[in-house]
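What follows is a structure written as structure tokens; I'll ask about it next.
Think of it as A, B and C in the order they're written, each chain with its own count starting at 1.
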Amino acid sequence: MAEPAEKPPAVARRRPRRAGGPAPAAKTPAPAGQDWSSWPTYNDATLGFRDFWYPVQWARRIGSKPMPITLLGEKIVLIRDGDTVRALHDRCPHRGVPLSLGRREFEGSISCAYHGWTFDLKDGRLGAVLTDGPESPICGKISVRTYPVRERLGLVWVYIGDGDPPPVERDIPAELTENAFVMGGRTDVRKGNWRFAAENGFDEGHAKYLHNTALWRLFKVMPAWNMTRVIESGSWLIRVQDEVHWEADYPGYGTWSNKRWWKRMPLPDHPGKSADVNPVIKKMNIPGFVSIRLPGLLRVAYPHFIHYEWYVPVDADHVRYVQIMVRFEDGPKAAVFKAKYLSWIRWLFHGQFTGQDAWMVDVMDAPPEKLYRPDLSLTAWRRHIEKSDLKVQHARGRLER
Amino acid sequence: MAEPAEKPPAVARRRPRRAGGPAPAAKTPAPAGQDWSSWPTYNDATLGFRDFWYPVQWARRIGSKPMPITLLGEKIVLIRDGDTVRALHDRCPHRGVPLSLGRREFEGSISCAYHGWTFDLKDGRLGAVLTDGPESPICGKISVRTYPVRERLGLVWVYIGDGDPPPVERDIPAELTENAFVMGGRTDVRKGNWRFAAENGFDEGHAKYLHNTALWRLFKVMPAWNMTRVIESGSWLIRVQDEVHWEADYPGYGTWSNKRWWKRMPLPDHPGKSADVNPVIKKMNIPGFVSIRLPGLLRVAYPHFIHYEWYVPVDADHVRYVQIMVRFEDGPKAAVFKAKYLSWIRWLFHGQFTGQDAWMVDVMDAPPEKLYRPDLSLTAWRRHIEKSDLKVQHARGRLER
Amino acid sequence: MAEPAEKPPAVARRRPRRAGGPAPAAKTPAPAGQDWSSWPTYNDATLGFRDFWYPVQWARRIGSKPMPITLLGEKIVLIRDGDTVRALHDRCPHRGVPLSLGRREFEGSISCAYHGWTFDLKDGRLGAVLTDGPESPICGKISVRTYPVRERLGLVWVYIGDGDPPPVERDIPAELTENAFVMGGRTDVRKGNWRFAAENGFDEGHAKYLHNTALWRLFKVMPAWNMTRVIESGSWLIRVQDEVHWEADYPGYGTWSNKRWWKRMPLPDHPGKSADVNPVIKKMNIPGFVSIRLPGLLRVAYPHFIHYEWYVPVDADHVRYVQIMVRFEDGPKAAVFKAKYLSWIRWLFHGQFTGQDAWMVDVMDAPPEKLYRPDLSLTAWRRHIEKSDLKVQHARGRLER
């Protein structure tokens, strides 16, 4: 991980104010974002961005039986070919039958279930046409599109883009390639567009309220409200808390509190500052708990473990959540973490807690929208996208498929 | 109720002819109505009319738990706030999450489940933003739309319209505000557009045939066919029967009869003329059994009770039936009626009988249509709408919601 | 059946080549067919062709209870009227209620469930209007469309076309009108457009591969690949096999074989050439196993029986398969065949085997397409349609229904 030199430049900054003092004359960012037209690239990115590696499935689930997936609106079939996982466009060019319905007649190839057109898994080349004899003139003249594939972190990564792909490590957080760790994880396809999922993840405000009913919150406290900046650090945007409030009085309504008598508060400024902190996380020295980066990866750092969450576009109305929880340990501590993950973190955090997020992502319906102060995390993310020179994925026309 | 002075002017009139005489050279009204373009307001009124009070739910069912409904295509949340029922647009302006998913943190308000935006139930004003502190600058600068609400007849009434609403009594039949009565009722959302439901209700012809298989018809006879006029009386259109026929011979086919040997026939001209009649109904002196008025309320008068049926537009393909059966009595007679309602009227009439109507409203598919003589009730209703200076409800655009 | 004089002219011909010799410099027909624009009539024929008789249901299933069907996109109600089956447009012209929901009040007519409009089954004329009296002025002035109907082969045939229909025998294979036979059959509505079903039937290539997993293939062998011509003979297109290969080596892949050790191979050139052949089939002298004719009838001839399969357009996304298996015998041999049909042919062939076809027809998604040599059967069929002066069926507009 690229450590921030010192104080990184603010991307979206809100002047801290004295506690209890008068509210600053801050203009809410709402009107500008009313209809997303201020963010034309983002507005257009219903299917996500090309030229990135995306994690799509657990590597151990891909065997010699073809598995169909949809990624950024493209139909893809994943197959294990010896030690290697291959990805091909899931459509026989002959009559449009999905190759994922096909059979494995010969090693290194798949044969379409309909007429036995046999494609090499490596390059998608039509190598044999079983129902037209060995001298079929179409042989070698047709190919199906293939996709670069890698296996990292126990996941299969597929590259959607043009030209030679960059190393997959470019799209994996550096701390996960440079340190030993143990992890647990979960993937599901959930309803809603990927942008709502990403915004929900980096959203400053909702966790304090929506998740109050989650069991996970018995163990992890959150403030009632706070003053926040978003800074840019390497490829990450990071939410930094300048003020933290655990409860507040709302005149005419009452007191609303997020204090928990059985937990210690307040939290330190950032996970690395905690008294008892994992050495790797300490060294990372992230100046806030929550970070996001392109093409849609959230990182939530705790003193002893880090949660990562990828929002992988499936189609306009579905998003694949790939969640992992990482602990930088080996030996007995790693085994204990693994047991904890399987016995409750998986259900409480990767299940109920982020399931509440998925619920909101499903029912959310914007634009129109009216943004408020904590949404500077959203506008920082949208502005970051606008200035990042990204290539938007578009649905392919009928004849190009 | 405004009593007709004497013979009210005919809105749609058909010359009575001598029984058994030759058929008049009447032109069927069919061609004109072929495609509804003759009734442009009606044709446009897929979602109903603004500036009316609509009954939407039993008042006893609305508690402190938010209840979402759809009315004239608008999403609305109903909540009881102390003694008062409130209606708000069911959409948080922040990111479009339905307020009906929210929580009741403080009395007199509802907090959006997502970020705790807290709206006053009375006026929809954003009064507190729990995740942005007491001095959130957006506070008080945003509101959600509210709707006027009243409770009458045990029902919640919501006003869809602009400006100050008229008294809800304007849209309730006068006999129900001026007399004591006992009632039973039933509401359901059924398939089909509200106009088909209203036309089906006022339709002269179908009850004689469609409902022949309903058990209710064991108790209530109907003619085989008749000659009808539609008159206007106050805010009502009323079907008046000039001739009543209990059976007929169709040459080449056979006899078709609606006589029932266990019932007395013919019926008197109108419910008030019956020998044994309730005094209130007698005084109402309605010159026919079936009446309709805007924005879609049917009244079917019997000598001892009256059935009312509201066709409340939900969306283009659904209509809310609000049915009540009223007896103008108190004391023991009222208790007997209530028992009769619950033991069989509710099932036979408000269930099976009007369920046959709902079946037709669902399968009906017009225009095109070919109208026949008894459809003068439909064309009278459509003409009444065209001349009534009504404001059609249109679906709101995405950014206006 | 019109016997081919001698060598019939080739419709789509591929020069046979010496076995084992170099592949001919054949151009694959693919590019031309990329998007079906080369076949404008075919491209347009989503709902099939008018001016043909179509088999739609088993005659024994049509009783006095109305049965609704959809044929070439038209809603039709079938009713038995005494000995005769009648077909009417399944829509009352009054308000669009399906007549198939109606009642049989009088012999020879059906009464719409809604208002008792009573239509003569013979000619669709509105003969009585039960809720408007015997002198209803609309009587006799309105009709619903009727369709010519015949019963042949135990099936009900409906004519979709304009003007007087030709004899139904024009659209039934001559061998089925000139000989005694016994048959068994099956009809289902399946997913997919009728053109995919017809192409799948006449498709040279797929049976050799797709159906390898069907139990039927334990009894009936098929080549691994072959060289084929399509000839025209009377109203039929016939696939003729010039070369037959039972297995082949694919360099770099392996051997792929359709040999079965328990079956004798190769097959004779055509069913009539078999040593042990039914006399009627021998006399038919069809020069290939598989034939197709307009508007979508497949014939697969074996030495002892013939399978016929009609692809009857339902709507754009559904097709009715009418399958019969015919044996030209009577007496005990006929009884044995009937028992065999009911005990296993019905399940193995008309069920599992053609169910695999239905699966492909459902998942197929073309154009775009890339055709290969065996697809000359498809292009011959499409060319045959282009030159046949056919009248395409189009969906009727709202007001014409």
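Basically, contacts are C-beta pairs under 8 Å (C-beta built on N, C-alpha and C of every residue); 3 or more make two chains touch, one makes a residue touch a chain.
In this text, all values refer to a predicted model and were calculated from it rather than measured experimentally.
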item	value
Topology of the chain contact graph, where touching chains are joined (line, ring, star, complete, other)	complete
Interface composition of copies chain A and chain C: same or different, split at half	different
Distance from the mean Cα position of chain C to that of chain A, given in whole angstrom	51
Two or more partner chains touched - positions in chain C	none
Parts of chain C lying in touch with chain B, wherever the complex brings them together	91, 93-98, 101, 105-106, 109, 111, 113-118, 127-138, 141-142, 398-399, 401
List of chain A residues in touch with chain B within their complex	22-28, 30, 34-35, 203-206, 208-210, 224-225, 245, 248-254, 256, 360, 363-374
